[in-house]
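Look at the two complexes coming up: chain A is in both, with chain B in one and chain C in the other.
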Partner chain A sequence: MNLDWLDAFLIFGAFKVVEIMGLGLLVHLQLGLTRVANFGVVGFWGVGLYAFGVAYLKVDWPFGDVYQFLVCAAIATIVAAAAGLVVGWLISDLDDDGTLVGTLGFATIVVILATTQQGLTGGALGLGGLDFPYDFGRVKTHEFTWLLITTAVVALIFAYAWRVYRTPHGRLLIAVGSNEALARSLGKSATAARLRMMMVTSGAMGLLGAMHGVMVRSLEINSLDVSVTLAALAALILGGTARVFGAVVGVLLTVALFDIVIQFYIPIPDGWNTQALPVAREAVFGAAIVLMLIFRPQGLLGQMRRPALMRRLHGDW
Partner chain B sequence: MREQAVVNSDGASVTPAVAVSGLSSGYGSVAVLYDVEFTVGHEIFAVLGANGAGKTTLLTTLAGLLPAFSGSISYHGTDVTHLAASESARLGVGYVPQEASVFPDLSVLENLTVGGMIGTRPHDERLEEVFETFPDLRTKLHLRAGNLSGGESRMVACGRALMQDPTVLLLDEPTAGLSPLYLELFFEKVAEIHRTRGVSIVLTEQNATQALGIADRVMVLSLGVGSEPMSADAVTTDLLREGYQI
Partner chain C sequence: MTGEDLRPQILVRDVTKSFSGRVVVDIDELVLGDVPVEGLLGPNGAGKTTLMRLIMHSIPLDGGTVTLSRPGQRDVLLSSTRTNQMAGLGVVKSTQVITDFEHLTILDSALLAVTEARYERPFSAAADRTVRKRHEDEIRHWLDYFGFDDPLAVALSGGDKKLLDIVRCLLLQPAVLLLDEPTAGLSEGHTERVKAAVRELASRGTSVVIVEHDLDVIWDLCDEVIFMAEGKVLLKDNPATIRANPTVVKSYLGAGSA
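So, the complex of A and B:
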C-alpha cells in the first residue's frame, strides 16, 4: 500500500479523533444514559493502557504477535472492567458531586500507581517496546492499518450505543438515570443495572487505552493527562450528552478542529503547533464546557429522544 | 410481630394483603411516622391526613424505598421489612408516587413496558388490559412522558404499576394537583382497578370526601400517628377535623 500522499502526523491526528470519539460514546452511555458523571475517564483508559503494556512487556508469552496482542488486550479490558465494577460499587450510593470526586480520585490513584510502580511501569521514564501485531514492512502502513482497526472498534462501540436504546436493558438504564427511586420499584435492581453498564463501558475504555499503547508503541506517564477526560467530556457536552451522535458531532467540532483542521490546514506560525496550540486547545475545550452548560445544557443535538425516533422504535404500536 | 389476620366476606380469617405493625420511619435521624399499625385485606384502604401528616413517608416505606426505623411490614404473610424495593415489587407490590411518577425521557409505551419487566404474562396482553382501563393512553404511546399533562402522567404511572401485575397497589395522592375532571375520573379508575383486577389498594389522600366515596376502610394519619382503622361509613366530620387538626 503506497501511503506517500498521507502525512504521518495526520494519521495520528485522525487516530486521536477516533479514539476520543470512542471515549465520548462510552461517556455518553455513562453520563447521558445512566447519569453517572465519570470524571475519571483517563483512569479507566490508563488502566487499560498500562495493563496492556505491562502484560505485553513483562510476561514471556509463548505465542506470536497477533495472539500476544489479543491476550494482552483482553487482559487490559478485563482489568479496566474490574476497575469499573469496583469504582461503580464504591460510588453507587453517592450523589453527582460524590461521583465526580470519586472517579477523579480513581484517575489520580492510577496516575500515582503508574508513576511509583517503576519496576512494572517504568515510572516517569515509561517503557518502550510495544508494537503492532503485524508486520507489513513500513511504519506508516502499520499506523494507517491500526487507525482503520481502531475505527472499526469505535464503530462497534457506536453500534452498541445505538442498539442499547432499543433494548429492555437500555430502557432500564434510562429509567435508572432519570429517577432511580422509581426505577427501584420496577422489580429490577438499579444498582446491578448501573454496575453492569459501568463494567462494560470501563472495559471498553481500557481496550481503547490498549489500542493507544500500540499506536504510540510505548507507555508514557504524560499520556495519563486530564486532557483525555477533558476532550471526551467537552466533545460530548458540546454535541449533546443524551444523544448517541452527540459524541460524534462534538468530537468533529473540537478534537478534529484542533488536531486536524487547524494543525494541518490553517497556516499558523512555526512553533505554535507544539506550544500555543495545545494550551489554546485545553482553554477552548474548558470554555466550551462552561458555555454549553450555561446556555444549552442539552448540547447541540438536544434532548434524548424525539418523536420521530420513538415512532421508529415502536413500530406497529 | 404479632399474628395478624383479616376477615373476608365469608367470615373466614385470611392472611392480610398488607400487615403493618409498630412501624416507625423517617429521614436520617428524624422520625416522621410513629408506631403505625394496620392491616389491609382485599379492599381499598385510604390513609387520610393533612399536609405533613406522613402519608408519603408511609407509602415510600411500604414500597421499600425508605428503611423502617422499627416495626414490620408484610405482604401476604411475607415479611418485607428489610427487603429492597425491587424485591417487594417482585412480590407483587406496585407503587405510584405522588411526584416524578413517570420516566420523562421514555415514551408512554416505554414507560408502560418497563413496568412489565417482571412477571410472566405476555406483554401485549398486559398492555391491552392497561388500555382497557386507560383508553386515552393508546393514542399517546409515542409521546415523550415528560411532555404529558399531570393527569396523563398519573395515568401512565398507574398503567406502569398495573403492568407489574400487582396484588397490592400503593397510590400516593394520585389526584394531587389534578383538575376536577381528572379527579373524578381517577377515583372511578381506582375503584375499577380494585373491582376488576382484585388488587388490594392502599391510597393516601388529602381529599377526604372523594376518598371516602371509594374506600372500604380508612385510617387518619396525624403528625405521623395513625388512628385506629375504621369503616369508611363510620368516619365523621368531627373525626376528620380532629385528624386534620382544623
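So, the complex of A and C:
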C-alpha cells in the first residue's frame, strides 16, 4: 500500500479523533443515558492501557502477533470492566457530586499506581516494546492499518450505543437515570442496571486504552493526564450528552478541529504545535464545557428525541 | 390465614416510625387485605402515607415487622425486603406525588413495567418488538381503557401522569395494591374509571388499600375503612359505621357531613 501522500502525523491525529469519539460514545451511555457522571474516564482507559502493556511485555506468551494482541486486549478489557464494577459499586449510593469526586479519585489512583509500580509499569520512565500484531514492512502502513482497525472498533461501539436505544436495556437505563425511585417501585434493580452498564462501558474504555498502547507502542505516564477525560467530556457536552451523535459531532468540532484542521491546514508559527497549541486546546475545551453548560446545557443536538424514535419503532401501534 | 380469607394480606406488627423525635406511626397490630378494598382515612399527619412507605420499605422502620402473607405460599418479611423486590412479590404502590420518567413515552412506561429482567441485560438479543408482542394485549387494554390517544408521546399533563402511574401499577398484576391518592387531580370521568378498575382488580383477588382525600371514593369503593390519627389506628370498620362515628366526625369529617 503506497501511503506517501499521507502525513504520519495526520494518521495519529485521526487516530486521536477516532479514539476520543469512542470514549465520548461510552461516556454518552454513562452520562447521557444513565446519568452517571464519570470524571475518571482516563482511569478506566488507563487501566486498559497498562493492563495490556504489562500483560504484553511481562508475560512470556507461547504465541505471538495476533493471538498475543487478542489475549492481552481481552485481559485489558476484563481488568477495566472489573474496575468499572468495583467503582460502580462504590459510587452506587453517591449523588452526582460524590460520583464526580469518586471517579476522579479512581483515575488518580490509577496514575499513582502506574507511576509507583516501576517493576511492572516502568514508572515515570515508561516501557517500550509494544508492537502491532502484524508486519507489513512499513511503519506508516502499520499505523494506517491500526487506524482502520480502531475505527472499526469505534464503529462497533457506535452501533452498540445506537442499538441500546432500541432495546429494553436502553429503556431501563433511561428510566434509572431519570427517576430511580420510580424504576425501583416497578421492580427494577437500579444498582444492578448501573453496575452492568459501568462494566460494559468501562471494559470498552479499557479496550480503547489497549488499542492506544499499540498505536504509540509504549507505556507513557504522561498519557494518563486529564486531557483524555476533558476531551471526551467537552466533545459530548458540546454535541449533546443525550444524543448518540452528540459525541460524533462534538469530537469533530473539538478534537478534529485542533488535532487535524488547525495543526495541518492552518498556517501557524513554528513551535506552536508542540507548546502553545496543546495548552490552548485544553483551555478552549474547558471554556467550551463552561459556556455550553451555561447557555445550552443540552448541547448542539439538543434533548433526547424519544417520541420520534418510538414512532419509528412502533409506528403501527 | 384461615380458609375464608384466601386473599393476600399485609400484617403490620409493632411498627413504629419517628421523624426528628416525633412519632408518626405507632401501630401494634394491623391486618390489611382481609376484605377486597380497604380505605385509610385520617387527617393530614395521621401517618397514612408513611405507613404505606413503611410497608414498601422505601423508608426504614424504627421497630416492628411487616409481613406479606399469600395463600399457598410462604410468608415474606417485607420489612427486610428491598424496594425493587416488592413488585416481584406482587406488592405494588402508586405514587402520591405526580411523577414520571423524563423523556420516556407513555408506551415506554408501559413496556418498562411489563418487561422481564432477562430482556433488560446489556447484550440481550431481544428487540423492543419482542417484548411488545408478549404484552401488547394487556398494555393496549389499559391504555385504551384510560383514553390515552397517543401512547407514542410523552405524558405532559398531571392527569395523564397520574393515570400512567396507575396503568404501570395495573400492568404489574399486583397481589396487593397500595393506592396513595389515586384520583387526586383527575376528572370525574377518569375517577370513575379508576374506581371501576379497582373493583375489577379486587374481584380477581387483589387486595387493595387506598389513601384518598376524596371521601366519595372511599365510601363508594371500600369494604372496610381504617381511621388513623397521630400515627395510630383508632378505628377499623365498615364505611357506614366509620362515617357515623363521633370521633371521625369531630376530628376529620366535620359536623353535618354524615
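Going forward, the second predicted complex is superposed on the first by the 314 of 317 C-alpha atoms of A that agree within 3 Å, B and C clash if a C-alpha of one lies under 4 Å from a C-alpha of the other, contacts with A are read in each partner's own complex, and residues count from 1 in each chain.
Please note the rule applied: a residue touches a chain if its C-beta (ideal position, glycine included) is under 8 Å from a C-beta of that chain, and two chains touch if they have at least 3 such contacts.
Not measured: the values here are computed from a predicted model.
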item: Overlay on chain A: chain C relative to chain B, clash or fit; value: clash
item: Which of chain B and chain C A:S178 touches, first, second, both or neither; value: both
item: Which of chain B and chain C A:S189 touches, first, second, both or neither; value: both
item: Contacts of A:R166 with chain B and chain C, given as first, second, both or neither; value: second
item: First (chain B), second (chain C), both or neither touched by A:V200; value: second
item: First (chain B), second (chain C), both or neither touched by A:K140; value: neither
item: Contacts on chain A seen with chain B and repeated with chain C across the two complexes; value: 168, 171-172, 174-175, 178-179, 181-190, 242, 303-304, 306-307, 310-311, 313-314, 317
item: Chain A residues touching chain B - in the complex, by the definition given at the top; value: 168, 171-172, 174-175, 177-179, 181-190, 242, 303-307, 310-311, 313-314, 317
item: In the complex, chain B residues that touch chain A; value: 63-65, 84-86, 88-90, 93-95, 97, 100-101, 103-107, 109-110, 113-115, 117-118, 141-144, 160, 164
item: Residue ranges of chain C in contact with chain A within the complex; value: 56, 58, 82-88, 92-93, 95, 99-105, 107-108, 111-113, 115, 117, 119-124, 126-129, 131-132, 151-154, 168, 172
item: Residues of chain A touching chain C in the complex; value: 166-169, 171-172, 174-175, 178-179, 181-190, 193, 196-197, 199-200, 242, 303-304, 306-307, 310-311, 313-315, 317
